[in-house]
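In what comes next, chain A is part of two complexes: it sits with chain B in the first one and with chain C in the second one.
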Partner chain A sequence: MNLDLIELVSIAAALSAILMAGSTHLSMNIALYSLQTFLLSLATYSLAGLRAESHFIWVALAIVVLKALGIPLFLHWIMVKIGVNSDPGTTLAPPLAMHCCVLLMGLSYFLAQSLPSSSLEGHSWANATAAISLLLSGLILMLTRRIALSQIIGFLVIENGIYLFALTQTSGMPLVVEMGVLLDVLVGVMISGLLVFRIQRSFEHIDVTQLTELRD
Partner chain B sequence: MKELDPNEIYRWLIFLPSLLILPALVLGLLRKTKARLQNRIGAPLFQLLFDLKKLSGKGETLSDAISWIFRSTAALNLSMLLLLSLVCPWLVFKPALGTSDLFYVMYVFAAIRFFTLLAALDSASPFAAFGASREATLSILVEPALMLSFAALAVNAKSSELSRVFEFAANSGVEASAIWAFAGMGILLSSLVELSRMPIDDPTTHLELTMVHEAMILEASGRTLALLEYGQALRMTILFGLVTQCFMHVFPAVIALSLGLKVLLSFLGILFIAISLGIFEVLSVKLRWRRNPDFIAYALTMGLLASLIAVGKGLLS
Partner chain C sequence: MDSLLKLILLPLLAAGLSLLKLNPALSRGGVSLIFWSQFAYLIYLLEPVLLGKIKVLTLVPGIAADKIGALFALLTTLVVATAMTHACFFFQNESQAEPGSEEHVRIFYFSASLLLMAMTFVCFCDNLGYLWIAIEGTTLASAALVFHSRTKHSLEATWKYLIICSVGIAFALFGTILIFASSQQAVDAVGTLEISGLMAMAPKLNYSLLRLGFVFCLLGYGTKAGIFPLHSWLPDAHSEAPAPGSAMLSGGLLNCALLAIFRLSQIVLSAGHENLALKLPLVMGVLSVLAASLFLVRQSGIKRLWAYSSIENVGIILCAIGLNAPALFFLLALNHSLAKTAIFLLSGNIIQVCGSKQIHDIKGVLANSPVWAMMLAVSAFAVTGAPPFGAFVSEWGLLALCADKGYWWVVASLLMALALSFVVVSYHVSRCIWGTPAPTYKTLKQLPGAFFPALLIISTLLAGTTALTQKLVLLP
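Right, the complex of A and B next:
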C-alpha cells in the first residue's frame, strides 16, 4: 500500500494542524495555517488533473490568493495592531492539547475506516483521516485557546477540514458554490477581526474566558 | 580460536580509530561552527584531544566529603559508554557483536545518567546537587518520548533485537519510512535534552548556577574530568549516530543505497547534525526553565506519531 501525492499532502496538512495546537506563538500559528492552506490548494490542483475537472484549478488559485495569503496577512495585521503575540491557553496546556490531537488523529483513522468506499479519484482512507483529523484539531484549538484571535484560527482550521472532506469524499462542488464558500470565509474572518478590535477597545483585552463578566 | 573474517578485521580497523576521533570531531565541529558564526576564530577542531592530554597530566583535587561513588563514577560511565558503542547500531560498519535489546540499550543510557546524578550528590557541592535535581526532572520528562520512539521502531520490525530493528531489508513502503522519520525526529529532540544542549541548557554560560550537566561535574578535576569530558562527547556521538541511522532508513523507500554510500552517509550524517546543531545554538536562545516541558512535548508528539503509524501498520497488514 503506497500513498500518492494528494494523500501525502493532506496528511502533511493534518500534521501542521497538530503542530499548531502545540505552539503558543500567534505568528507561528498563522504561518502554519498559511502553509496548511497552501498544501490543500496543492491537493486541489493535483486532483484537477486526476478527475479532469478544470474548474478545480481556479479553486486552487483562489484558495492560494484568499486563504493562504490574504487571511494570514489580515490576521497578522490585527495581531500587530492589537499588540498580542502569544496565547497562554486555558485549562488544557498547549503541549497536552497537541498530544490530544495526535490521539484524535488515531481516532479519525478508525472513523475513516467506517466510511462507505467509492471508486472516486482521491476517495481514500488517508484523505478522510486527514480531513477528520483537521476538523478535530481545529475543534481542540478553539476549545483550548484564550485569545479571540486564536479562536478565529481554530475556526479556519475546521473550515479547512470540511473543505478537504468535501473535496476528496464527494465528487466536488461547482465553481460557484466553492467561490461562495471562500467569500463567506473571507467575510467571516473580516467581521470577526473587526469584532476583536471592538472587544479590545471596550474590555482592554481579548481574553474570551473573561467575557462573561458584565461591565458597565 | 575461530577464524577471523577479513571483512570483520576491516570493520574493526575503521571502528576503533573512529571511536576516538569521531567524538572529538563532533564536539570540535559544533564549537567551531558556533565560533565562526560569532566572528571568532575558535578552538582547533581536535581541541578535545588536547584537553584530554592536558587533563590527564594534571593532579586531582578531591573534596574530603566524597566516597568511592564519586571516584569510580567517571570510569564506570566511560566503560558503560564503550559497551554501548559496541552494541548500539550507531554506525553501519560497526562490527557485529552478538545480539542486544533496544530496551537494554535505553536503560544502559539511563544507568549512566543515574551514576552521574549519584556522583553529583556525593560530591556534596550545592551547585552539583542543583544540577542533579534538574537532570532528574529532565530525565523523567524525556523518558516517555524516547521510549515511544524506540517502541515504534520495535513494532515496525516486529522485534526488539537491535540488529533486526536496524536491518535495512526489514523495512519498505511509505509507512515504514514515516515511522523512521518520526522516530528519528523524536530521538533527535530527546537527545538534545539528554545531552543538555541548547534549547534546554546552554553549556557555555559562565554561571554554573543555571546549568545542568556542567553543574554536575563541577567538582571533577584531572583524570576524572578527562574521562567525563570524553564520555560526554562519546555519548553525543552515539546518540547522533542513532539519529543518523534512523534518517538513513527513510531512504530505501526512494532509492537503494550501496554499502559504501551507507558508510559514508553514517559519517557525514553525524557531522551534519553537529554542524546544524551549532547553527541552531547560535540562532536560538535558552528556554526559561518552566518552558522546557513545552519543548519536550514536541519530542513526545513525534514519538506518539511514530507509534501511532506503527500500530496502524500492524492493524492493516
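Right, the complex of A and C next:
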C-alpha cells in the first residue's frame, strides 16, 4: 500500500478534520482548518503538473490566499473581538465525536470502494476516502458544536471535503465555476461572521443551541 | 459578455440607486420603476422564445433561455417588481411607527436588487455549476431581507436560514460534482456540466453516480425549496422578514429552487430512468403536502400560516415535476406566486394595523379596514385553490393527470390535504376578519395598500377563468 504525495496530503487533511472534532479550542480549530486548506492547495498544485492543467495553479493560489489565510484570519479576528475561545460541545462530547469521526473514516473507505473506477490521475480510493471523510467530519462538527463560530468552521470543512472530491474524482471543475463557488463561500463566511457579532450583541452569547424562541 | 450585461444592467442600476442617500420616496420609486422596466425589457428580449419562434436563446455559453426558464424569469421579475413597489407604501408606514430606519430600508432595497439578479440567473442557467452558484447567491442576497427588523427573532431566523440552506446547498454541490463525474465515466468523454450537453449524452452517463448525484441535488435544492422534512428554516424566515420580503421569498425564491429540481429531473429522465426522475419527487411532494396541511392546523402566527401553505404548494408543484408535466409545473407555480404574493402583502398591511403577527391579536379587520379584510378573504380562497381562481384550474389539472396515470393514492392524499388546508385557512382567516377591533389598532389609508394585491388577484382570476394562460404556457 504505497501512497503518493497527493494521497498522503489528502489523508493528512482528513486527519486534521478528525483532530478538529476532538478539540475544544476555537483557535486550535481555526489553525487546523488553515493547515487543512493549505494541504488541499498543495494537492491542487501537484495535480496541476500531473494532469498538465495550468488553471489548477491559479486555483491553488486563490485557495492559499483566500481560504487558507483570509478566512482563518477573519474568523480569528471575530474570535478575539468576542472573546470566546472554547466550545464545550453539545450532546456528543468532543473526544467521543473524534472517535466517531475515526469510525466514519472507516465507513468512507467502504463508500470510496464502491465508486466506479477511472484512469484519471489522482483518482484513487485513498483520495476518495479522504474527501468523504472530510465531508462527514465537517457534518459531525456542525452537529456537535454549540458556538456559532464552530458551525461556520464545520461548514467550511464540509466545503473542503467537497472540493477535494471534485479535484480528485473528476478532471476538476471549470475555472469559472470554481471561482464562483469560492466567491459564494467567501461572501457566506463574511455574512455569517457579521451575524455572529449581532448574535453576541443581542443575546450576549453565541451559543446557537439556545436560539430556540421561534417555534410553532 | 455583452448580452450578459444586458440581463443584469437594470438590477445593478437599481442596486446602485438604492444605496445612494437620496430622498427615500425618490430612490424607492426609482428602484421600483427600474424593476418594472426590467420586466418590460425581459418581455422584449425573450419574445422569440415565448412565442416559440426559436427554441433556445443563448446569451453566452452556459447562460441560455428556454421557454420554461423565460416564463419563470418573467414571473420572478413580476413578483419582485410588485412586492418592491408595494414596499414603498409599506416602509412609509413602517418609518412613521419607527423613525430612523432609513439605512435598513436602503439595505433592503439593495439586497432585493441583488436577489432579483441572482434569481434571473437561476432561470437562465444552462450549466449545473452556474446554477449552484446562482442559487447560493440567492441565499446570501436574501439573508438581509430576513434580517431587516434587527430583532432577536429575526436574528435567530436569519442564522437558521443561512446555516440550514448553506449546508443543504453544499449537498447539492456534492450532487453536482457526482453528476459531473458521471459524465466523465462515459467512453471518450471529457465531461460537461452543461444541462443541454448532459441531456444529449444522458444515456451514456454512469448510472450509479448519476443516481447518487440526483438524490443529493434533490435533497440540497429541496432544502432551499422547503420540502418536508427539510423545511424547518422556512416558516421562521418567511414570518420574520417584512411583508415584501416574505412575498419575494415565497413567490420568487421557492420557484427558483423548484426549477433547479425540474432541470435535474429532466436530465435523469433523458437518461431513461423514469422511476428515479419522477417517482422520487412525486413521493416527496405528496409527503410535503400532507405534512404541511397538518402543520397548518396549529399555527398561531398569520405569516407562519402562509409559510406552511407555501410548503404545501411546493409539494403540489413537486408532484407536477413528478408527473413530467412542464406546462402544469409552470401554471401551478404561477398561480401560487401571484396569490401568495398578494396575501403576504395584505397580511403585512394588517400586521401594521394591529401591531402583532399573532392570529389571536388580530380581530375585527373588517370593521377597521374593510377593503383589506375583503381582499384577504378573497386571496385566501385563491391561495387554497378554490374556484374560480387559477390555482383551482391548475390543481384540477394536476389531479386529472394523476388519475389518468392511475396514481389514485396521490389523488386521494392531495384531495384530503387540500380539503383540510382549505378548512383550516378559512377558519383562521375568519377569526381575523370578524369580531371587534382592539382600541390600539391604527387606521391606515386603504387604497394605496390594496392596489398591488388587487392587481395580483385579478391576474390569478384571469388565469383561472380564461384560456389565455393555458395557450401561452402550452409548450410546443
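Note that the second predicted complex is superposed on the first by the 212 of 216 C-alpha atoms of A that agree within 3 Å, B and C clash if a C-alpha of one lies under 4 Å from a C-alpha of the other, contacts with A are read in each partner's own complex, and residues count from 1 in each chain.
Following the convention adopted for this analysis, a residue touches a chain if its C-beta (ideal position, glycine included) is under 8 Å from a C-beta of that chain, and two chains touch if they have at least 3 such contacts.
For clarity, every value in this text was computed on a predicted model and none was experimentally measured.
Overlaying the two complexes via chain A leaves chain B and chain C side by side, clear of any clash. In the overlay built on the shared chain, the residue A:169 is in contact with chain C alone; chain B does not reach it.
Contacts of A:188 after superposition on the shared chain: chain C is touched, whereas chain B is not. By the touch criterion stated above, A:135 is placed in contact with chain C alone, chain B being left untouched. One of chain B and chain C touches more residues of chain A, and that partner is C. In the superposed pair of complexes, A:213 makes contact with chain C only, with no contact to chain B. When the two complexes are overlaid on their common chain A, residue A:102 makes contact with chain B while staying clear of chain C.
In the superposition on chain A, A:22 contacts chain B only, with no contact to chain C. Contact with chain C, but none with chain B, is seen for A:199 once the two complexes are overlaid on the shared chain. By the touch criterion defined above, A:52 lies against neither chain B nor chain C after alignment on the C-alpha atoms of chain A.
Put simply, if you stand at the Cα centre of chain A and look at the Cα centres of chain B and chain C, the angle between them is 150 degrees to the nearest 10.
After superposing both complexes on chain A, the closest C-alpha pair between chain B and chain C lies 23 Å apart.
Taken together, the two complexes place no residue of chain A in contact with both chain B and chain C. Of all residues in chain A, only 115-116, 118, 120, 135, 142, 148, 151, 155, 158-159, 162, 165-166, 169-171, 173-174, 176-177, 180-181, 183-184, 187-188, 191-192, 195, 198-199, 202-203, 208, 211, 213-214, 216 touch chain C in the complex they form.
Contact residues on chain C toward chain A in their complex (touch as defined above): 62, 127, 129-130, 132-133, 136-137, 139-140, 143, 147, 150, 152-153, 155-160, 162-163, 166-167, 170, 173-174, 177, 180-181, 184-185, 190-191, 193, 206, 208-209, 235-236, 239-240, 295, 298-300, 304. By the touch criterion given at the top, residues 173-175, 293-294, 296-298, 300-301, 304-305, 308, 311-312, 316 of chain B touch chain A in their complex. Listed in rising order, the residues of chain A touching chain B in the complex are 1-3, 8, 15, 18-19, 22, 24, 94-96, 98-99, 102-103, 105-106, 109.
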